[in-house]
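The same subunit A turns up in both complexes below, where it pairs with subunit B and then with subunit C.
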Partner chain A sequence: MVSIKDKVQQLMVLFLIAASQIGVGVLGFQSIINKYAGHDAWMSVIVAGVSVSVIIWLMYKMLQHDEKGDIVAIHQFTFGKWLGGLFSIIVTLYFLLMTVVVLRTYIEIIQVWMFPHLKVWAFLLLLLPLVYYTISDQFRTVVGVCFLGVVYPAFLIFVLVFPLQYADITHILPIMDHSFKEIIQSSSLAILDFMGFSTLLVFYPFIREAKQSQKYAQYGNLYSTLLYVTICLIAYVYYNQSELEEVIWATLGLWKIIEMPFMERFEYFGIATLFFSILPNVVLYMWSSVRMLNRTFGFEHKKVAAFLSAVLFIACVIFRGREGVNILNDVTGRIGLIFLFIYIPVLFVIHFIRRKVQKNGSS
Partner chain B sequence: MVLLKYILFFVFVISSLLFNFTMPTKVIDQIQMITVVGYDPAERDHIRGTVVTPVFLQPGEVEDFIYTDTAATVYENRVQLNAKATEQLLNGKIKAAFYNQELAEQGIENFIEYLSRDPSIGGAVYLAVTEGSALELINTAQSSKGRGIYFNDLINHNIQHGNLPHINLKEFESSLQSDTCDPFLPMFGLSGGRVELQSIAFFDDDQYVDKLPIENADIFKILYQNVNDGQYQYKNDTYNVSVENIESAKNVKVDQKNGNPEVRINVRFRGVIREFTGERATDRKAEIERVIEQDFKQKAEDLINRFQELDIDPLDIEGHVKSSNRNYDKEQFKAAYPEMSINVNTNVKLTETGTRR
Partner chain C sequence: MNKKVSRKKMQKEFEKLFKTLKTKDGFIHLKHEHEQGNVYIGYLKTAIDPNKLEKLIIPRVQEYIYNDLTELNAYIPFTKTELTDDSSQIHEKLVKGFLFIYMEHVSPAYLLIPLPLDEKREVSVPEVEFSVVGPKEAFVEDIDTNLNLIRKRLAIPELSVRKMKVGTITKTEVAVVSIDGIADKDNVETAIQRIRDVQIDQVIDSSFIQQTIADNENSPFPQLLDTERPDRIAAILAEGKIAIVVNGSPHVLLGPTTLIEFFSAFEDYFLNWMTASAFRLIRLIAVFFSILITPLYVAVLTHHFEIIPHALLGTLVQSRTEVPFPPLLEAFILEFAIELLREAGARLPTKIGQTIGIVGGIVIGTAAVEAGLTSNVLLIVVALAALGSFTTPVYKMSNTIRIIRFPLLIVAHVYGLIGMAIAIAYIMVHLLRLTSLGRPFFAPIFPFRPQDFKDAVIRLPFDIQNKRPFQVRPSKVNRPINDDQNKQGGRQWFQ
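Then we have the complex of A and B:
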């Protein structure tokens, strides 16, 4: 059991969910999600947000029945020790892969926009002590980082007013020009940006009176959905659709137009600030994988943290260039989709049946 | 154990800083920031690239260095220019880019592409076509502010208060990429040994096709965007009238008539009379308004007819048709465009007549 001292307030769930959902995806999702729904793809973001909300509800339904209440316990209860352990390892690997994706994509952005000569491994050496420091001790440190990760970059939303002077509403008209099927298809691409909330399965026991905290999780999801929809709409009125196909990071491209008397290029400032919304992603995923290994095998938390930091280092150095990062993004996107929308509901059903069977058996 | 952790942290951070320390640096005294670039055609499919970099002698005193050479590509040209420059030439401060008309006739996309790919270049760079040689134009411009600021200010005030519609790299690139509309650029030339904004150059995709003298561009500007501070001149046998401080709003309505789109551009503008050579402007405001409305409508429709004949669409009529019609078909529109019925409705309101009756 997690001692009450280590638990965090319910309100913090809002920041945990929001911080985990807002990551590297926010910088360039506009030109990915319009694949099927074109200029209507901003509606796909809403669809994605709503479906994430349903998954969060499913997760809470599942988690609140277990006193230990995390995915490792659910796995063991549902599948038994060995099979459950195997599934836990797969989920751990998924979280670890997500860490690599987030960190590597951010480093790519630094390389493209700021320092083309940046040595990835040397930069990682600077970053890893920070990551290790955050994940190796108490969960509260991670929560603190997540809180700052939502609050600190929030002012960047005001900067998006600048591109609006180039807005042309005809770019998103006529509304609903695409079929529902296309919008749903695009929303499956939009989901990729929301995937961070799956760490809820791991940090659930660290919330005080976790059962009542669902509304905060939903508020967190609402916040990030609104943010995504806003950014998406702004990009869609700023760019036309054929222009969007040429840009890799549409949100960063919005900043290209900003001119301030004291700052020639806003992106430098923006990218540096966005580190605060990348770091929560990294530490939350890392912490989750560390915690899962710790729970599954009983390894010491700090040692696992050190080991996984080393793995993270190697993995980030291996993937190179746009193609490497792209493959990484595609693969994790697909895995994440399967994980969230197939595995979680299936797990929910099996867990539900299992619980009923056991209840009948014991009574 | 804890001590080991901190030692390790320390070693990591130090080695990270040490190894990234060898990254190439860009110290402000050891670089030259390009402010203006110009491209001319040269023999054998080559281009002549010209760059201007300012050197600050004393506060308020700028001397521009101009480097020029011919090469096959933009960056090959940069290598040659670097071979002449005392410091490394960098893109970050580009304010204006000029393209020779001949080059523009062949298409300029290849020479603009690098501007939007480079993260150090912003979207607010001004692009322009030059009637003669871009090199000569850049050479002719003399200013104590430095040529970068000079061209920037020249174009900027014409956009803010003059007849030049809002156009920069971002907007040019946007209409270039767009499926629906064609771009335009300001066009410069030399007159009497001075640089002059002469016309607006219209493009078909990325190829220059036609120009409109800047004196007549007020109509295009009012049709193209909502104007905050414009002007309009009208002259007939009995009087001249000049309307200034124009604030305009336009909207485009598309109706479907037997499957063919019918476009109406409604323009509303308000302005004040600054020059009137007839009698009693205050009593004849309504009459002057009608006359200007007629005149504007006539000229605007002539201009649009010209665009239709050239089969170019700088006003993004297609974009408006597309966004108001769910059954929009590109082929059908393309076929119908040259003959399409496009009407302009004008509503002019003269609010003041200055300090005289």
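Then we have the complex of A and C:
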């Protein structure tokens, strides 16, 4: 059991969910989701947000029945010790993979926009001790990073007012020009940015009176959805469709035109500031992996943290170049979709049946 | 018969003691011939008050009529005198400022009178935390005077003072002060427990306690605030915090504290809330500016020229054309010069220190620019950064700000803005992990406590601050400010 001292207040769920969903995706998701739904893709973001909301609801339904209330406990209850353990390892690997994706994509952006010759290992040598330092202590520290990771970079959204002076509303007209199917297809691409909320399955027992905290989780999801929709709309009124197909990181392009008397090329500053949004993603995923291994096998938290940091280092160095990162993103996106929209509902159903069976058996 | 033997033994013991004492520096003894037998007065010259001795003790011993020391004791106008036969503890007492009277052929044979020489500094004006308005008293070295200064302001029976002795050699008196019924018992217990566990031989100043009971000794941030203002201590005690007074130190510690509290001067409470809030904001901005501006200069000029607007680029490039060094080295030279000046100024007597400041500031600075060693833009930047770090009201925190800049400078040179972001994240995570007496140091920002923001970055009017800070988990949360609350909220503390 998690002692009451280690638990965090309910409000923090909002920041945990929001911080886990806002990450490297905000820099360039506009041109990715553009693929099927075109200028209507901002609606895909809303669809994605709503579907995530449903999954959060499912997760809460599942989690609140268990005393220990995390995915490891659910796995063991549903599939028994061995099979449950195996599934837990798979989920751990998924979290690790997500860490690699986030970190590697961010490094890719740094390489393209700021330091073309940046060595991945050199950068990681500075960064990974920080990750270890954050996750090796109490969960409180991770939550703190998430909280500041939402609050501090929030001002970046105001900066996006600058490009609006070149906006052309006709770029997103007519609304609903695409079929419903196309919008859904695009939203499946948008989901990749939202995937961080799956860590809820692990940190749930660390919330005070967790059963009542669902509204904060939903608010968190609402916040990030609104943020994505806003950024998406700003990009869509600024760029026209053919431009959108060309640019890779649309948000960075928006920042690029900002001019202030003391600063130009805002994207340099923006990428650096966005580090505070990336860090929560990384530490939350890493912490979840560490916690999963700790719960499944009972390994010491700090040792697992050190071990996984080393694994992360190697994994990030292995993937090379733009193509590698793209493949990594695509593959992880698919795995994430399967995990969230197939595995979680299936798990929910099996868990539900098991519970009914056990109830009948005992009574 | 038996008694006589023991008296003889006593006489022998006394002669032995006398022999050893005579070899000690400053031991003085007077002999007075009394009809019962000789009376000796012995003391250490440097340890006792000679005025009291001459006016109050000697005349009584020589002129009054008495048969033994018990009778003499009745004439002595001091409390805490001791009558004893044990000669082994005499030496120890002498060192502590006692004077002994030995009388032959009687029992008890020794009368010990405390006459310690009180060399105290007068209560004076606060120098480190000077304020233009408000009380002008500051703590001194003596623990009793300091406790009195606190008691004067909080004359309530609930004020509790718990004393203990710390340090295997110095046996320094340390007092933990709190208000019962407001301060959290856990906090008080934590403080007392930690002070008891201190394992050092000397406690010369409160800083020794500050460092040894810190939650994380390997942190550049001080985790207990130290102040020389009794008014500040009275205020924080009423908030539910606790104070630690150490004998021999004019600085009293207080905790649990937060990072933001280090940037609040007590003068903020003497000004109206708008002005005070504005000053606090300026101070906080100054701190960020002071830490970040030089690394930013290095990062931008080394890696990100593109950020600088065209108009500004001209000025910057022009000032740097003559400089043969990379920005990092340039910044290091100037920062080092500033640190040198500061250290030299701090170690020298005040008057010479001022001269050094002027010589350093004007001569070295101008000469460095003219010689082309540094650019004059950087000179401005570094000077402002130094100025910014001086605005921090607590000296120990301003030292932290001084040194925290250097690692940032190096990463800024190596990794540019990204490196700076990571370095700031390191500091952030470190602050998130820090605690003060077991309470989070980074509050009220995280854990997020909107209630406590009324007296953090800004200071709202007193009647809005109707709750004690949640940070310290006060036993009574409500502050009795208006009448309704008094009816609900139990005792009235301030009326």
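The definition used in the following text is that the second predicted complex is superposed on the first by the 363 of 363 C-alpha atoms of A that agree within 3 Å, B and C clash if a C-alpha of one lies under 4 Å from a C-alpha of the other, contacts with A are read in each partner's own complex, and residues count from 1 in each chain.
As a convention for this text, a contact is a pair of C-beta atoms (placed from the backbone, for glycine too) under 8 Å apart; a residue touches a chain by one contact, two chains touch by 3 or more.
This is a predicted model, so every value here is computed, not measured.
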Problem set entry | Three-chain arrangement built on subunit A, subunit B and subunit C clash or fit | fit
For this session: Could you look at A:137 and tell me whether it touches subunit B, subunit C, both or neither (first, second, both, neither)?
Result: second
For this session: Examine A:259 and indicate which partner it touches, taking first as subunit B and second as subunit C; both and neither are also allowed.
Result: both
For this session: Mind working out whether A:8 is in touch with subunit B, subunit C, both or neither, as first, second, both or neither?
Result: second
Problem set entry | subunit A-centred angle between subunit C and subunit B, computed on Cα centres after superposition, in steps of 10 ° | 100
For this session: Based on the superposed arrangement, let me know which partner A:273 touches: subunit B (first), subunit C (second), both, or neither?
Result: second
Problem set entry | Partner chain(s) touched by A:117 [first = subunit B, second = subunit C, both, neither] | first
For this session: Using the touch definition from the top, say if A:174 reaches subunit B (first), subunit C (second), both or neither.
Result: first
For this session: Please work out whether A:300 is in contact with subunit B alone, subunit C alone, both, or neither, and reply first, second, both or neither.
Result: neither
For this session: For A:126, decide between first (touching subunit B), second (touching subunit C), both and neither.
Result: both
Problem set entry | Which superposed partner A:147 touches (first subunit B, second subunit C, both, neither) | second
Exercise. Of all C-alpha distances between subunit B and subunit C after superposition, which is the least, in Å?
Worked result: 5
Exercise. Which positions of subunit A sit in both the subunit B and the subunit C interface?
Worked result: 114-115, 123, 126, 133, 259, 264-265
Exercise. Can you list the subunit A residues touching subunit C in their complex?
Worked result: 8-9, 11-12, 110, 114-115, 123, 126-127, 130, 133-134, 137, 140-141, 143-145, 147-148, 259-265, 268-269, 271-273, 275-276, 279
For this session: Could you please specify the touching residues of subunit C with respect to subunit A in the complex?
Result: 303-304, 306-312, 411, 415-422, 425-426, 428-430, 432-433, 440, 442, 445-448
Problem set entry | Interfacial residue positions of subunit B with respect to subunit A in the complex | 8-9, 12-13, 15-20, 23-24, 92-93, 119-120, 122-124, 170-171, 173-174, 177-180, 316, 319-320, 322-326
Exercise. Which subunit A residues qualify as touching subunit B in the complex?
Worked result: 112-115, 117-119, 121-126, 128-129, 133, 166, 168, 170-171, 173-174, 177, 239-243, 246, 253, 256-259, 264-265, 267
